[in-house]
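First chain written, first letter: the chains are A, B, C, D and E, and each begins at residue 1.
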Amino acid sequence: MQYQFLGIGYLTWITFLPLIGMAVVLLIPKSNINAMKWTALAATILQLVLAAIIWVNFKPSLSGINDPNGFQFVEKTRWIDLPGVAWFGHVAVDYFLGIDGLSLPMVMLTALISFVGVIASWNIGKSQKGYFALYLLLDTGMMGVFVALDMFLFYVFWELMLLPMYFLIGIWGGPRREYAAIKFFLYTLLGSVLILLVMLGLYFSVNVTDPATGQAMHTFDMLAMMNPQNYDPHALFAGIGTYWRYVAFIALFIGFAIKVPIFPFHTWLPDAHVEAPTAISVILAGVLLKMGTYGFLRISFPIFPDAVLKFSYALAILGFINIVYGALCAMAQTDFKKLIAYSSISHMGVVLLGIAALNTQGVAGGVLQMFNHGVVTAMLFLIVGVIYDRAHTRGVNDFGGLANQMPVYTGIMTVAFFAAIGLPGLSEFISELLSYLGAFQTFRWIAIFSSIGIVLTAGYMLWTLQRVFLGQLPEKWKGLTDVNGRELVSLVPLMVVVILLGVFPSIMLHPMSATLNNLVDFIHKVGTGMTALK
Amino acid sequence: MNWYDILFYAFALITVVSAAGVVLSRNIVYAAFSLLFTFFGVAALYVLLSADFLAITQILLYVGGVLVLIVFGVMLTNRANKVEVKHGGLTLAPAVLVAGVIAGTLIGVLTTTKWPAASFEPYEETARPLGALLMTQFVLPFELASVLLLVALVGAVIIARREKARRV
Amino acid sequence: MVQTIYESFGYVIPETVLSVFFVLTLLTSLVGDRRSKYLPAYTALLGFAVTGAFVAGQIGMDQLVFSGMYAVDPFSWFFKVLFLVSGALIVLFSMQSRELDTASTKYAEYYSLIISLTIGAFFMAGASNLLMMYLSLELVSISSYILSGFTKENPRADEASLKYVIYGAFSSGLMLYGISILYGLTGELNIYALNQAFSSGALSQVSVLIAIVLMLAGLGYKISAVPFHFWTPDVYEGAPVTVTAFLSVTSKAAGFAMLIRFFKIGFIDIAAQPAVAGMWQIFHGLNWTDIIAVLSVLTMTLGNLVALWQTNMKRLLAYSSIAHAGYILMGFVTLTDQGISAMLMYFVAYLLMNLGAFYIVMLVANKYQTEDIDGYAGLGYRSPYAAFALTVFLFSLTGIPPTFGFIGKLYLFAALIKTNYIWLAIVGVLNSVVSLYYYVKVVRSMYLVTPADSTRVDFGFGTNLLMTVLMVPNIALMLYFTPVLNWAEHSVLMFGLH
Amino acid sequence: MASTESLLLNLALAVLFLPLAGFALLIFFGKKIPRQDLVETGILFTALAISIYIMVQKVFFVSAPTIDLTFKWLDLGAVAGQQGFSIDLGIAIDNIAAIMLVVVTLISSLVHTFSLAYMEGDVRYTRYYAYLGLFSFSMLGIVLSNNLLMIYVFWELVGISSYLLIGHWYEKKSASDASKKAFIVNRVGDVGFFIGIMIVFTSLHTFLLRDVFGGIAAQHLTGPLLTAAGILIFCGAVGKSAQFPLHVWLPDAMEGPTPVSALIHAATMVAAGVYLVARIFPMLTAEALTVIAYIGAITAFIAATIAVTQNDIKKVLAYSTISQLGYMIMALGVDAYSAGFFHLVTHAAFKAGLFLASGSVIYAMHHEQDMRNMGGLRKKMPITYWAFVIFSLSISGIPFTSGFLSKDSILAGALAYGLLTGNYLIPIIGYLVVFLTAAYMFRLIIMTFHGEPRDHHKYEHAKESPKVMTVPLIVLASLSIFVFYSFNPFNPEKGWFLQAVQQPASVVPAAQSYGFDQPVNDVQVTSPQQQPNAAELSVEAQKTETTRYEEAMEAVHYPGLALSLTLAVLGILAAFVVYDWKKIDAEKLKQRVKPVYTFLYNKWYFDELYDATAVAGTLLLSKSLAWFDGHVIDGVVNGAATLTRLWSTLSGKFDHYIVDGLVNFSAWFTGFLGKATRRVQTGKVQTYIVFALLGVIVIFYVFRQF
Amino acid sequence: MTVHVGLTQFLVVSAILFSLGIFGVMTRKNAIMVLMGIELILNAANINFVAFTRFGLMNLSGQVTAVFVIILAAAEAAVLLAIVLNMFQQINTVNVDEVDKLKN
């Protein structure tokens, strides 16, 4: 193993660094709040540095997805090993981590957003110890989801991030935090239990040869689940295009769709966003939503390529509904955070539309949009947080004329808004362009109808911009101060990323193209039963 | 129709009628007395079934033990001797219905079932083989029952004991 | 291999030891201060320890003793260990209970009854004869009637006790009637003999059904399966917390042990395919699995739905335990080895999490004098460690990672999916989502509600240690559950099935 | 690549990025630099100088029609066995790009200069210059792009600059409303543009215009889809160039500072739509061109009619701009490619001049824009006045002006087109607008500069603007003289400009193109299978067809010229008759036609006067169009906004009540079940027993069936 | 000597006794009378055991069981009565339907 530090692989480090941070935070006496903050910050900075190292060492030519040799930074050890139990088969849960071009952007995103989130959490008012401990635990959960290649491990990380999220919203959130927290929790749990069932079904359907003993065994290895030849012919999910495979795909879809969230499973999102503290909104929109679409691409699509091909049209329609519906709903909002929450729904629709296209540009656009939307929405929520910290209101109509009062703030915000609108030169333009291009090739009319979203987005974003920043400054906001240094530290890196990726999207697209091409190829070949691959 | 039959029907009638008395009587003391007749009737049925030891046990334990306990209970819990015990109007109808359905179902099933060997064997003494069984094959239940009785004894004592010291 | 009566006594040494300690504990009341709780408690603990040593010696045994009355096999061994752990923990809990102090002159009886209930549970786990089953069930029942009314100055405990005894006596009466019909059909009380009688296929199916349904009423009462569960919430709420905890684990597990053994031995075509030992092959006309499946669905759904509305913590946990009975029954539906091993695993999880939860409930009742969920407001700030522990237990009960409860559920669902009971698995997972709501209600109260009084209330070191002892396996076993799984897998062995 | 060419490309890149550098400089270090305005102005003049060099080199010395620089921007690799996905971008300089470079930098630098005085003391002076820099960069980007994607990118960027500049005085609600409206209306057009691009890309897998044309020539994209692609891309132009039906944003955009109006909303950005159509001209099918021609004509007409009644000096000019842009679009639509582009250039000069001159007036009148409060300014502001007159003559198409040359070419093309295809409507509208243009322009001049001052207070304080404002006027006025474009004041055909701007060959299949201008050698491109008749067409016949358009143009040139001149003079006369000589009392006229006037004034109805001069069909059309404009278009935009808002409110409600409600309902239902079940738990043990027994009975009877 | 009375008749008596017991348990208010109902149920079961022993295969396990049941009934009755007595001391009632503070 090449990429190791102290004999432990990079991915393990990047995943569990926050956990070490959490342990340290827990050991710090309650009174020493600064030490906790700096510990959390140090953990996330180290994580970011590691992410950068991984980035530098990443080989873009490897293909990933279904090819075990296409993954990088792989760590694989037996976690749970139970030989010869009669019915459960040889139970082997691997501690199997690895990244490919699909997970790389997400790892980067998680590291970046986590770092920014700590800075945004600087002024948390109560129970700092608990807050930072949970925050770091959440960080581990998120990172784990993106690096796990064993489905069991994936599921554990997936659920792991649920608990801290509940508390982070529920304890440190706004007035209706309890409702929002439980709603988030219930929805997400509903989704994850469906994933759990499918996971078990897959486990029993797949039979591989244990390299160690040479016996046949069931496995949670996602890569093994992708190979149709590994399926026991009599198993539930065997074959191509069989009934239960469709059922499983839909169940998985719902499980992930709740996270994305896809209409009509989206109603938890506005509530959760509105009530969550700024940093948590940032994490929620920046990273958590991407887990849903990541789940599609990592699990649903390659494991059930036949079902994807069958349902891709429906997926695209849902993407369209998300785009238009989210935008329309956003337009009707007067709560700043809710507005951005709905805009997230709209933007995640673009992701869905792109990946449903199942061609290079669509999928690449979708994945890039995941990254870009993460960064842009994080910015937007930070921006709302800045103003909320000062004015203690989020009503869009309560403001006006802030441009003169807070010029730097307005400048940064304008960049974020225009990025969200999809202005060329800023990151979201590229990803939306690629998504639409991909979708247009596959579903012409849906793509055309979806492009209404482009106008609608401009509509509500500019309207908001006008209401908040333009016009006359109300007397009561004369005392507002411009962004301070700390806030700039959180906003500027994101802004740099937004502009950089807007001009040079290749930075991000290049490492993922081999992987995504492989994915597209794989889905079309296996999904149509053209080849069973080796 | 022979004497056996006649005796059976007589005792069966006593048993059933007095059992009905137990559950229908308005006075608890009458109910207790009816129960006495039921126990006797059942004991008689045991005799008819050649279960002599059991019949004696029934009388000793039920009449001598359980029933006395019950009467004590009645005495201790009723300040006045005569306490009206009403049937609750609300539960009566469903109770009649449920009990009726159960009775019908049971009788229907039990009478139509083909039981393994319905031959009538002559009487044999049972006390001795029963004793042997209890000491051999059923020794474990026997021991278990003794533990159980001890537990019941301890339990009944600690529950029922008045604790004067703590009463105010 | 069947042992002679004489040899058989060698196999019931643990039970004998327990009985001896039952008497010894009872006798401690004659020694020293009657009001001291320590002597009887330590005697009882010693009893569990010594018994544990003997039980440990029985590992791997696979015998049928006392003319087929009693099986000493890995299956019962599993439960015996469970009962000992549970009993010992309850003794430890009870030593801290303030509630029991209202009956402080009767500590000796209290601890001895805990032992007697454990004895009954031992026999329930191993009983392979209908009479033994009935007797052991009664022993457990009578012990629990008394225990639940133990704080007899408390009207709620009295009420619980009265309801329990009436319902229990009635249910065991039904069961007995069912047994009598089975006896009439086969002339046998031994369940192995019953199996052979059934396999002849000549029996009247309606009679068998009525007998089984009546027996189910008795067993269902013990495991609180719907519709025989009604006593559960009332008794759990009224009884002292320690007793409730004990009942919810030991008594319920014993009921399940008996249920599993009865159906598994009685109704499986042993001769046909012992290795597969899967479906119930004797009565093709009777769809046993459907009965159990329906009961399972009803039980968990009702338990969860009603739990949503509870405001009393003990009552909530009572309904939650009903729901858990439903989950465990899911494993029973398959009646395959996988289902049963999943159930066994779940018992381990259930023991850890349920006892843990009840322990915290007891501690809170001690310190805060409340059992209401509203009374838990701000517990997370006033007693952070206890609140954290309770959170872990509750999430474990919900079954989300990283807790052992998740592994328990995982295996149950896995067993269902393996046997294609997908609809049941879906009902199960939906139920666990519903259950989240009320468990989180407690968590919400602890963390999301700010307390009126925010003084710090700390528990002693010993208490915290005990909490930790319960909490650590709840998480550690999720990360590494191999030993439990192995144990459960090897404990599905019942005498005569392999 | 020849060294000259690579030099030119590098210079072009310099021109492109200089204003961006200025923008970045001003945004980030604006406060720290002394005289930020001069920095940016200097940059623009440098760019201008370079641009002129590039243009001269390209037009007169470089033989290659196009100098191209292409690089691979994005490569996603390929899925095994499928076509790969990559995007090439780059810049290209051909004659029109070179000319546009000069136009943009010229107007931009003049506007920068003008603003030095005009915007002096503004609250966001630095920001203003920064945005001007951003705009110049984006506009030059459109000019230089050799591919649709970059055009689209810069297209959006000019939109955003325009948004920022219109909303420069965002404290005013009307200004921020206008900026928003501009951006959104533009976006509507851009969606069409975007879809058009998608069609092109999915069919041809490239954004590069030369490859697009090559692909179309190779028949990889034909039929209705090709037409649709053309029309959809044209939608972008409709938005940006304020064409009917998306023209409503431009008048509102006058909320921005006047120099901005001159630069963006008169000379350059709005002309970008025309430039775009010119760029994609080879791929436009006959159907698409017809649509374009009509859109242009309709726009020209509607705008002109409205312009006549307006009293706000900038509004008149805005409608005039729309009308003139309609001309250009129409010219392209009728195949008069060179004429359309020619008009773009000349219009840029004189319309920028008009705006700057009006800015000068407004500046002098202390930001008074209503002409009814002006009058007699001729004496106070002679330079401005004379510049204004020259510009107005030019826009009216009076000989010896640049406007005469370009407009005349357009009208000739339109007339020829009408004769050849029978679409007479287009030339008729074209000529009609000539009259209107002359009329409203001179109405403007007369009301502003002639007669007696109406607001004496403001008049007293009015004085000629400073040099930095008048010099740009003088420069632009001189550029409105014919000599800069052609030495023959009556026919520009042989002038350098039209020699440089040659109509590119169409690449669409012959059957889909206008038959009358198909170059002979294009026959080879069209494949025989699809065009069975193409091979049979004799070269002679083709020649005849090709020349027919030119001949027609030739033939109608002078009659048309006479007609347009007459109309223009008539228009000027009308203005004088009504407003200067007062032969007809304007007020009385207004009173007589008050309802109609009011409606027209409000852009709802058209004036009766014009009803009378128009043919019945046009009358009917114009009326319905006026109604359409007020009711439907603005109505659609406003109404669409209302509707959209309503709908979004509804969806918000839907979300809240139905979707959330469903979820809550299931929660409620779950709770209800729980509650109901809870009722069973009565606390009475005998009830429990009853239920248990019922359970036993039910289980028994249910399962006895099985 | 022909005997007409067979197993069936005994079973019918048992079934009636059983049902009456159930009826008593369901309807009586007084806890002691509920206990009487339970005793009836147990007796009914016992009649079954003995009858099956007699008419069945003549192994005596039925009768042994019956003996145990009688012992058990006594123990159960003792416990139940103790609880009732305690109840009476504490809340001065023996009526089952008045004991319903724990519910829902």
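Simple rule for what comes next: a contact is a pair of C-beta atoms (placed from the backbone, for glycine too) under 8 Å apart; a residue touches a chain by one contact, two chains touch by 3 or more.
Worth saying up front: this structure is predicted, and the values here are computed from it rather than measured.
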Interface ranked first by C-beta contact pairs: B-E
Per Cα centroids, the chain farthest from chain B: D
Centre-most chain [mean C-alpha coordinates]: A
Between chain B and chain C, centroid-to-centroid distance (C-alpha), Å: 31
Whole-Å separation of chain centres (CA-atom averages), chain A against chain E: 65
Centre distance in Å when chain D and chain E are each reduced to the mean of their C-alpha atoms: 98
Chain centre separation (chain A, chain B; CA means) in Å: 70
Per-residue multi-chain contacts in chain E, two or more chains: 18, 21-22, 25-27, 34-35, 46, 51-52, 56-57, 61, 64, 68, 72, 75-76, 79, 83-84, 86, 96-97, 99-104
Of all residues in chain D, the ones touching two or more other chains: 678, 681, 683, 685-687, 689-690, 693-694, 696, 700
Residues of chain B touching at least two other chains: 88, 91, 94-95, 98, 102, 105-106, 110, 115-117, 137-138, 141, 145, 148, 152, 155, 159
Each pair of chains that touches, named by its two labels: A-C, A-D, B-C, B-D, B-E, C-D, C-E, D-E
Sites on chain B touched by chain D in the complex: 88, 91, 94-95, 98, 101-102, 105
Sites on chain E touched by chain B in the complex: 1-24, 26-30, 32-33, 35-37, 39-40, 43, 46-47, 50-58, 60-61, 63-64, 66-68, 70-79, 81-86, 88-89, 94, 97
Interface residues, chain A side, partner chain D - complex: 263-264, 266-267, 325, 327-333, 359-361, 364, 401, 403-404, 411, 418, 423-425, 429, 433, 436-437, 440-441, 447-448, 451-452, 454-456, 458-460, 462-463, 466, 469-472, 505-506, 509-510, 513-514, 516-517, 520-521, 524
Contact footprint of chain A on chain D as seen in their complex: 27, 73-82, 84-85, 123, 149, 152-154, 156-157, 160, 163, 167, 170-173, 176-177, 179-180, 183-184, 187-188, 190-191, 194-195, 198-199, 201-202, 641, 644-645, 647-649, 651-652, 655, 659-660, 662-663
Interfacial residue positions of chain D with respect to chain E in the complex: 678-679, 681-686, 689-690, 693
